[in-house]
Amino acid sequence: MSEASGETLISEGDDVLLFLDPKRTYLVRARPGERFHTHRGFIQLDDVLGKRFGDKVSTNLGFHFFLLKPNIYDYLGKASRATQIVYLKDNALIVAYSGVGPGSRVIEAGTGSGALTSVLAHYVRPGGRVYSYDVRAEFQEKARRNLVRAGVSEFVELKVGDAVEGFAERGVDAVVLDLATPWLVVPRAHEALRGGGRFVSFSPTVEQVVKTVSALNDDFVGVETVECISRRFKVKEGETRPETLMVGHTGYITHARKVFKE
Amino acid sequence: MSEASGETLISEGDDVLLFLDPKRTYLVRARPGERFHTHRGFIQLDDVLGKRFGDKVSTNLGFHFFLLKPNIYDYLGKASRATQIVYLKDNALIVAYSGVGPGSRVIEAGTGSGALTSVLAHYVRPGGRVYSYDVRAEFQEKARRNLVRAGVSEFVELKVGDAVEGFAERGVDAVVLDLATPWLVVPRAHEALRGGGRFVSFSPTVEQVVKTVSALNDDFVGVETVECISRRFKVKEGETRPETLMVGHTGYITHARKVFKE
Amino acid sequence: MSEASGETLISEGDDVLLFLDPKRTYLVRARPGERFHTHRGFIQLDDVLGKRFGDKVSTNLGFHFFLLKPNIYDYLGKASRATQIVYLKDNALIVAYSGVGPGSRVIEAGTGSGALTSVLAHYVRPGGRVYSYDVRAEFQEKARRNLVRAGVSEFVELKVGDAVEGFAERGVDAVVLDLATPWLVVPRAHEALRGGGRFVSFSPTVEQVVKTVSALNDDFVGVETVECISRRFKVKEGETRPETLMVGHTGYITHARKVFKE
Amino acid sequence: MSEASGETLISEGDDVLLFLDPKRTYLVRARPGERFHTHRGFIQLDDVLGKRFGDKVSTNLGFHFFLLKPNIYDYLGKASRATQIVYLKDNALIVAYSGVGPGSRVIEAGTGSGALTSVLAHYVRPGGRVYSYDVRAEFQEKARRNLVRAGVSEFVELKVGDAVEGFAERGVDAVVLDLATPWLVVPRAHEALRGGGRFVSFSPTVEQVVKTVSALNDDFVGVETVECISRRFKVKEGETRPETLMVGHTGYITHARKVFKE
């Protein structure tokens, strides 16, 4: 990128989010000589170079796309708007309950596609580190590509391993779980956390929550489970109302703090 | 603080969250020779020094408090648990929608007691900056004390001024508003933002939202309003259920991205 | 129908709800010699006659359908499960807030397809009466057929007319509105209601609610607006959780009581 | 009561709801020569006689109360507005899911204070009947007084007995449970119901719901669990918003239809 009059100009290799409307966005890398095809015609990527983020560009069919600089949630959500929204609220709350920020050391299990990993990595930069475990090596390959694309791979150590067997790290600030059986990992999280460190677990079902809370009650305090319901509001003079269809449930977030009860 | 065997030992001047249960916590500074009085007796602060975070300490009446290292939300919420929870969800979503992270430059108006200011400052560390405006100089004095206490004041510039008159900064990554008349500030936010930068506004009433969205539709894209309902789940084998009383509404969050529509 | 050993046997002309699962139900009239075609093969209606409600019957392809006696909500909801659920909660609350019961006299506007009309008629039987207004005569034809089918037409007077012009009845127990501009009808509702009679209005948008409440504040007391969010809970050992997708909004219900403030 | 010009005039022995605002209402019986004391002074009940429902009356201190004719929910809710609202939504949905209406025969267990009993009795009038079971004879005494006061006692048979032991009735249209262990009563409900009859159970906890649904899956179809969240909307031009505090949970409603599966 280069700067001019306070604005960043798009240069070769920059990631650009092409925005038609909230449901139709594309993530592309600016490269000279290439064309990017949309359902509204193609964009000559040479037309993108040298423009400001925030400017618009036309397809050969005359449709306008705005050029946006992707943020961490754009990288995660580019495939699906519905998914983006859901994950934004849960990821945002998981980050908040974990207490992590720049410089934090945090363990995550499992890695999955690396969505939450990316968000955690975004916030622990530049001095922190995410240790992300998954038993499925093939998932981590996908996650690695997503982390590289989002520009946060240098802050993450991807580790193939079963969280139930324990973590290599000690004294971490937070352990964040998105696993089918989080309750089995509670003692392992306790080992790895520093005193007062945060445990956060995301689970879709009530039974998972009940077992996890039961396991936490021994060696943690401040155990709390919440669900966050995010509701879009359609705002237009004379037609203002909550949207008809919504995602009613994604999962429960359980969080707690490690103590030494001995 | 000093470290030993992976754990941080509490030393003079450290902030400590004394934790009896989620509704009864106290934030104190560890000082030799002092006593801290709780509703369960007093704690000799000498007893706290040299302990690990996560350890417990007894009052003269034999009640145990755990010693926790406060995180940014603990600083905000120490006065009231109900407030803490409410603000956590809204603050977490505002941060997520703003797209800010380490290194971001963000304008906030109004400062209020500095709660959201602290959270933003926490996440833009170490290279970023929060420019926080408020017309009420006396509020900023209170905010300044809270920022100092939370250890994030060096990342914030408190400015006395009316957001309706405009901001001094240009090319910022995000503008975050918690004002009675956010719609009047929309053109000022557009001036101050970089192309593609994020606008986020928090408002309790529908009328505020309708006016703000109407103002945004001219020069922003991706305009969306959401409300986040956070519901605590009481988890105990045989008694699991959402809690009876809840905070049903705090406010709507409206967010959008600056573009150049000319 | 005929009765034997406490059970009703299905006889010619009875309405029967064929039930495969909650999303696949059919409403048929039992007639000898006819076949009813489902997506799982056809049912010989002679097989239905003489069976008990609650028994099952096989299609020619070997699928089992249970034979249920339709209730008023089955008549309304037979086209769509999603619609059924939504309307059930709103209809149920409208009935409750209206205070109607056996013997009540109630005005409704507009008739629409007669769904709420049927429910009101169901509850005012046998001595009460529903006066249902709609400006669109063609809608009322459809409504008439639905009322006849549901067996409640004798308790309803369908009237072609604009509610804004006023109602012919006086001293009614309740006025129930599902109109685009309910606030214009508030004075007409006041004329038609007995002292203390109930006003209930269902509206999807906030602007409708604000105008209606403003109109009500002059001559009514106990003005209240609620929204009811109904959430299905998927219950299965080990997989219990709220359903992922839900209807987030249908409308707001505003209710009030007529008084003489003069 | 006596009627004049379409309005009912209040006469000796009528129940009257004295209405100051939604949170301050009193239920009194109009008797000549008596005084009724409120927190805003006393009302001379002679002043009430001969007035219309909807009229107002003054206390000796000059405060105005409106005179309303109580409906069935006013009888239930007169003690507490919060309770009234909660119960209204749940009672309304229980009635809707039960399918009962004028003429229905319905079993209820347990009677409790008779609140739901009153509502069911209200809707089955004049030809139907509520059989209400409770093991606690002393509760039924209280319920009997409430039913008499609400004017619906002639439609109810109060029975002292444990629902787990079974019901005396057969072929009823609905069985409605508000019990600590509803799953134990499922086979008894099946015995008592007509084919296709409705089972409805109200339970606060997830564990109750899981056990009840598991018991229902054998001999019922259309098993569904819902929770209804009712949210008050504060409506005033410029200040419109959901109310801050709300009742987040009362209970889950599980409903199903009896079939003969054998």
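Chains here go by letter, A, B, C and D, matching the order in which they are written, and residues are numbered from 1 within each.
Please note the rule applied: a contact is a pair of C-beta atoms (placed from the backbone, for glycine too) under 8 Å apart; a residue touches a chain by one contact, two chains touch by 3 or more.
All of these numbers come straight from a predicted model, not from anything done at the bench.
Q: Of all the other chains, whose mean CA position lies farthest from chain C?
A: Of all chains, B has its centre farthest from that of chain C.
Q: I need the rotation angle between the copies chain B and chain C from a CA superposition, between 0 and 180°, in steps of 5.
A: In degrees, rounded to 5: 180.
Q: Which integer distance in Å separates the CA centroid of chain A from that of chain D?
A: Roughly 47 Å separates the two chain centres.
Q: As a quick test, compute the distance in whole Å between the mean CA positions of chain A and chain C.
A: Roughly 44 Å separates the two chain centres.
Q: From the mean C-alpha coordinate of chain A to that of chain B, what's the distance rounded to whole Å?
A: Taking the average C-alpha coordinate of chain A and of chain B, the gap between them is 20 Å.
Q: Give the residues of chain D touching no fewer than two other chains, as numbers and ranges.
A: In chain D, residues 206, 227, 231-232, 237, 240, 242 touch at least two other chains, as defined above.
Q: Under the definition above, what is the set of chain B residues touching chain A in their complex?
A: The touching residues are 6-8, 19, 21-22, 52-56, 66-69, 71-73, 85, 88-89, 91-93, 95-97, 99, 101-103, 122-123, 125-127, 170-171, 194-198, 206, 209-210, 213-214, 221-222, 224-233, 235-237, 240, 242, 252, 254, 257-261.
Q: Would you tell me which residues of chain B are touching chain D in their complex?
A: Contact set of chain B toward chain D: 204-207, 227, 231-232, 237-250.
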